[in-house]
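Got some structures for you, see below.
Each of the next two complexes has chain A plus one more chain, namely chain B in the first and chain C in the second.
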Partner chain A sequence: MSTEITTPITQTEYTKEKKVGEGTYAVVYLGTKQSTGRQIAVKEIKTSEFKDGLDMSAIREVKYLQEIQHDNVIELVDIFMAYDNLNLVLEFLPSDLEVIIKDRSILFTPADIKSWMLMTLRGVHHCHRNFILHRDLKPNNLLLSPDGVIKVADFGLARAVPSPHEMLTSNVVTRWYRAPELLFGAKHYTSAIDIWSVGVIFAELMLRIPYLPGQNDIDQMEVTFRALGTPTDKEWPEVSSFGSYNKLQIYPPPSIDELRKRFIAASENALNFMCGMLTMNPKKRWNAIECLESEYFKEMPPPSDPSEIKIK
Partner chain B sequence: MSNPIVMHDEVPVETTSVDLTTGPEETTPDATIDDEEENIEDNKPPNYKRISDDDLYRHSSQYRFWSFSKERLREKRVNTNKIAADTIYKNILDFKNQQDLTQEQLDVLDARTQPLSVDDELKLINFYAKKVQVISQHLNLPTEIIATSISFFKKFFLENSVMQYDPKSLVHTTIFLACKAENYFISVDSFAKKAKPNREAILKYEFKLLESLKFSLLIHHPYKPLHGFFLDIQNVLHGKVDLNYMGQTYDKCKKKITEAILTDVVYLFTPPQITLAILMIEDEALITKYLELKFSVNSEKKNNDTISFSTLLTIINDCKSFIQEEKSVSTDDARKIAAQNFFCQNPMDLIQRMKRKQPEEETTASPEKKPRVA
Partner chain C sequence: MSLSPPTFQTQLTLSRPYLTRRQISKLQCKTITDRRSYNQKKIVVIRYLSELCTRLNFPRKTLETALYYYQRYHLFNSFETELCYTLATSCLVLSCKQVETMKKINEICNLSFVLRNIKMNPMKNAEILNNFKKQLFHLELKILEACSFDYRINNYVHADEFIVKFGKKLGFSYQVCHLAWLIGYDVLKLEIMLIVPQHCISLAVLKIATELIGQDLEIWKKRETFIKLDVQQLQFQEAYFDILNFFINAFELCDLKDNLPVGVPMISIDTFIQLKKRAGPEVGIREMNESSLKADEYFAVQREYTVRERRYTLIQSLVKDESNSLEKMH
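After this line comes the complex of A and B, so read on.
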């Protein structure tokens, strides 16, 4: 079995060589694990923000990454404390899907997209079968290893799959990737919110521009429903009882022809797969298993070998 | 984690018999087509393995870091105790050498500054674990968070001795961290307002606690299996059980689970095993009948993962006796042990107290700075 994270606080074991990113609660450095020479990333949690002790995002990240060992989820290598700062040692992942989507010099094929979707969904499925919701899936959080493997990262917003009557905050997920039940401010939701995000990411990979780029929370509903149709009580019982429903413009769902026009390169199975993930009613939306079993993954072309996708 | 086990799905399409991602209300996918499944079975890639619920549990940090055999558990306690006791012996020896002590003082020192035994230490830990429960109940925390607090506290003192860290100073820290770990955020200031210690005291050992927990914050308690078993019992014994009675039994079991979390069963058994033991204590006839029915149905399906009825019963009964044998620690006992713990760390206090009380007869065991246990 795996060895546990060792307690000796060997800060000298890990060097921080270059600052590669800064978020609201952490600074990320590129470094080396001295004993093995392995490249690693060190996420240093800012202590100045610690007025309530250890930061909640850091606690969530530690809590969930400790439970997940999967090829498609970022590896938590070690944790140490140095100068009153909590440091998470993570595997080094040089790129992410956002960078790749935005870099016009990179060309990728439908088979590459399929490979990325497959790896993403395997990672998401593993989270879900461990009863963990990610709650912030977006291209920027789908990192790529040097050999092209997708790793789901950033568990700072993750939580356990809630019990049936648990009340939750709907203020999760970066706006463009937010499922309709979250836009409506639902007090309870399920792993279906992550699948919606994957659906939006899939669309973005095909279009190479954000699919549902709302300017603000109100506009996000407008943009989402204009593209995919406003849900009605028929397909989603009691959707009209959400407070914000009445102010909505009712758009019809897009016809298959409209979708074909928007996603020119997509096969029927690819469109079906996307629509499964972008189903308005969270109960009818495909779950990770349904997605993985989709015809899309069985038809030609087969998913690219990750190490052969040219991203540089 | 230098050598982590990686769960690798060798096939893109992994069909699981149970859909773990959805609740009982939601239907399992109907997309699984029989002949397709056959197809996969036929073309199994080299390392194909279907991941079971047990496999998932074995990957949890609870199983990897916090599940032990009885022997290993005892060994851990002996080891933690020994490290602290050795320091105490050394300190007392140094103290004796530095001070100019009378024979009488030396005798008292020898009698009163012995390090705690493993069993005394355990009594003190259990006494304070109960305090953690009472205080978190006072704070009106949800059941699962109370359980997590108790669990954090007990684990801290599996790794550290009460002779190194005053258990009293960890009580609020564990409750505070448990709230955060369970996504039940209370700011330290409002927490300090409700609880006695100030924020510095609450936060002082927070990282030490996290480290002692081996950064393992997700705890699988038996409450979820309890819910699951109750749904299944009502299903299997449909029409044969009174729903009112079942509701009452459920509530009683929930309370008993929290009591069980105070014992060692959490290290020795899995959450569903603990749940079954509790159910067995609560209504043996009902659970026996339920299990018999389950096994009679399952015996037709040959499955390598399932265990025999008799093996399961042995495990449940073993677990049951652990829960039933647990005795609570009296305040008197705890006070005596706490006094010993105080003096073995502060021999000077004992000597000074002797000097002051020289003419009087010693009546109580309570030291000058009486270690409060309440």
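After this line comes the complex of A and C, so read on.
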């Protein structure tokens, strides 16, 4: 069977109709896949402007999105070269959780939050079971399809789960969503860093303001440990051996009453679910399966049907 | 079907990361006019890249991936003697990104100049460096196009890592694995990387290592060994015979003979001839017949880079669906 189509076609398959964004390494356009009429987003990679050639974010984005197809992960529809530029065709996703959290005119319920968390964790679990760490989970990277489905997006910082002795950079994840092991500068970490980010996003959805908004990297430690307690060797063996540990103020972990006061609408199971994700010791932190099997998802109210969540 | 290039606006290509020997020859017919010169340059490039990798402390997988790119590039782009070092360096830069062994591009470029004895003019250093980098980055995308942007290859599976993994799984000694790892370096000189996946090569290399040490193991005769390790037997045999043939036909090019670990019996061409004799008839992956090869546009038509929209996919059904819908339209 021939695997190449070279039949003369008078027009290109993808159009770029409107520029909708520009990042450091790409320009994003809205467009249409001509043969099906499907609305798509085209990410044109700016290759020539980079001093290091093809940007790592573009490479990672293609590398990992090619590997995973899941309802809750953005779909890489196609890749094409045009005029010596690399273009990634992605599914069109008109909104994201950051927009929804910030838009005070949108009201959402605990059942809506549960639905978003369920979809997010399904997407994250799919990444983890394919040995991929996302490393940049935040509301802005949880996009929403026109029918309300959450899609984990932006794999520009993703990487494969490292081998046991591999050294990694701890300078990953947007500051407010950064796990404590990253704040300490750990050279090796696991998928637990993504779960921490999901925990912070869950708290933000309930509060509707960022939960741990550090001003800088040092302040992030202060804000994180003030809210959740400074970890000790007892619960996280050898945490005190991190270089930056000695300078820390020791805060006690919050009592359940303090958490109840902060998260007024949260049920006991919701608080337990959040604490599981925001456990300081990465080895004790819940993994994606534990999160998905949590009592929080089994208790009332059931998660909303995504297509029925009114976001506009 | 008309194939006049100016009418093409879009082209869809399905990635084929592995090809048969005949398919490779067919493609190289169009890109390599002087085979001898290509082979000689390849050996020089391997030495050059090995030296770069050693000095920059890169693991074997970085070198392996760079050499896959170098050979893959020449399936769809003409071989030009004077471009070799630039292309090889570009392959290494891309390989670093692919396997996440990051280094500053300037560091790689400067070392490349040192290794090639390029005398830098202090007045023009920055200009020379920038021009070289521009050439590297231009080639990066061409290399990726030659690979159809298929990042599945050289992502999780690398021959050296699977030598260790399989070696452990099969309970082989350190000596066997070490010897296999050394043979693995010579394998980088072959085109087998374009033909079968790396884990099949790892297992073939381990078999040769056990045989060189004098172990005649039953596991190589059992189907379960291959099933357990998810290795297709024909691909394994293709690699096994290809490696033996290299040692028989080009023994003087092998690095193994000068780097045998202590305790391993001496090797010669005859050692490998004996192994081949014992292995029985040479078998490997099935070749496409000539008429199918001629009918297949992937091999029959020269890759056209003037097509405005060159699409690359990994999904066979997508090509089928679009092909069907086009036929209906016409």
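Here is the rule we use: the second predicted complex is superposed on the first by the 297 of 312 C-alpha atoms of A that agree within 3 Å, B and C clash if a C-alpha of one lies under 4 Å from a C-alpha of the other, contacts with A are read in each partner's own complex, and residues count from 1 in each chain.
The rule we apply is simple: contacts are C-beta pairs under 8 Å (C-beta built on N, C-alpha and C of every residue); 3 or more make two chains touch, one makes a residue touch a chain.
Treat the numbers as computed from the prediction; the structure is a model and nothing was measured.
Of the two partner chains placed around the shared chain by superposition, chain B and chain C are both touched by A:F131. In the superposed model, A:K247 lies in contact with neither chain B nor chain C. Of the two partner chains, both chain B and chain C are touched by A:R159. Contacts of A:L54 after superposition on the shared chain: both chain B and chain C are touched. A simple residue count on chain A separates chain B from chain C, and the partner touching more is B. Contact with neither chain B nor chain C is seen for A:R104 once the two complexes are overlaid on the shared chain. Looking at the shared chain after the overlay, A:E13 reaches chain C, while chain B stays out of its contact range. With both structures placed on the common chain, the touch criterion links A:K63 to chain B and to chain C.
Contacts of A:D78 after superposition on the shared chain: both chain B and chain C are touched.
Overlap of the chain B and chain C interfaces on chain A comprises residues 1-5, 7, 51-54, 56, 59, 62-63, 66-67, 78-79, 81, 86, 131, 159-160. Looking at the complex, you find that chain A touches chain C at residues 1-14, 35, 47-48, 50-54, 56, 59, 62-63, 66-67, 78-84, 86, 131, 159-160.
Residues 1-9, 12-16, 19-23, 25-26, 29, 31-32, 51, 56, 59-61, 64-65, 176-177, 180-181, 183, 185, 187-188, 202-203, 206-207, 210-212, 214-218, 224, 227 of chain B are the ones that touch chain A when the two sit in their complex. Contact residues on chain C toward chain A in their complex (touch as defined above): 1-4, 7-14, 16, 93-94, 97-98, 100, 102, 105, 133, 136-137, 140-141, 144-145, 149-152, 155-156, 295-298, 301, 304, 308-314, 316, 319-320, 322-323, 325-326, 330. Taken in their complex, chain A has these residues touching chain B: 1-5, 7, 51-54, 56, 59-60, 62-64, 66-67, 69-71, 75-79, 81, 86, 118, 122, 125-126, 128-131, 159-161, 163-164, 190-191, 283, 286-290, 292-294, 297-298, 303.
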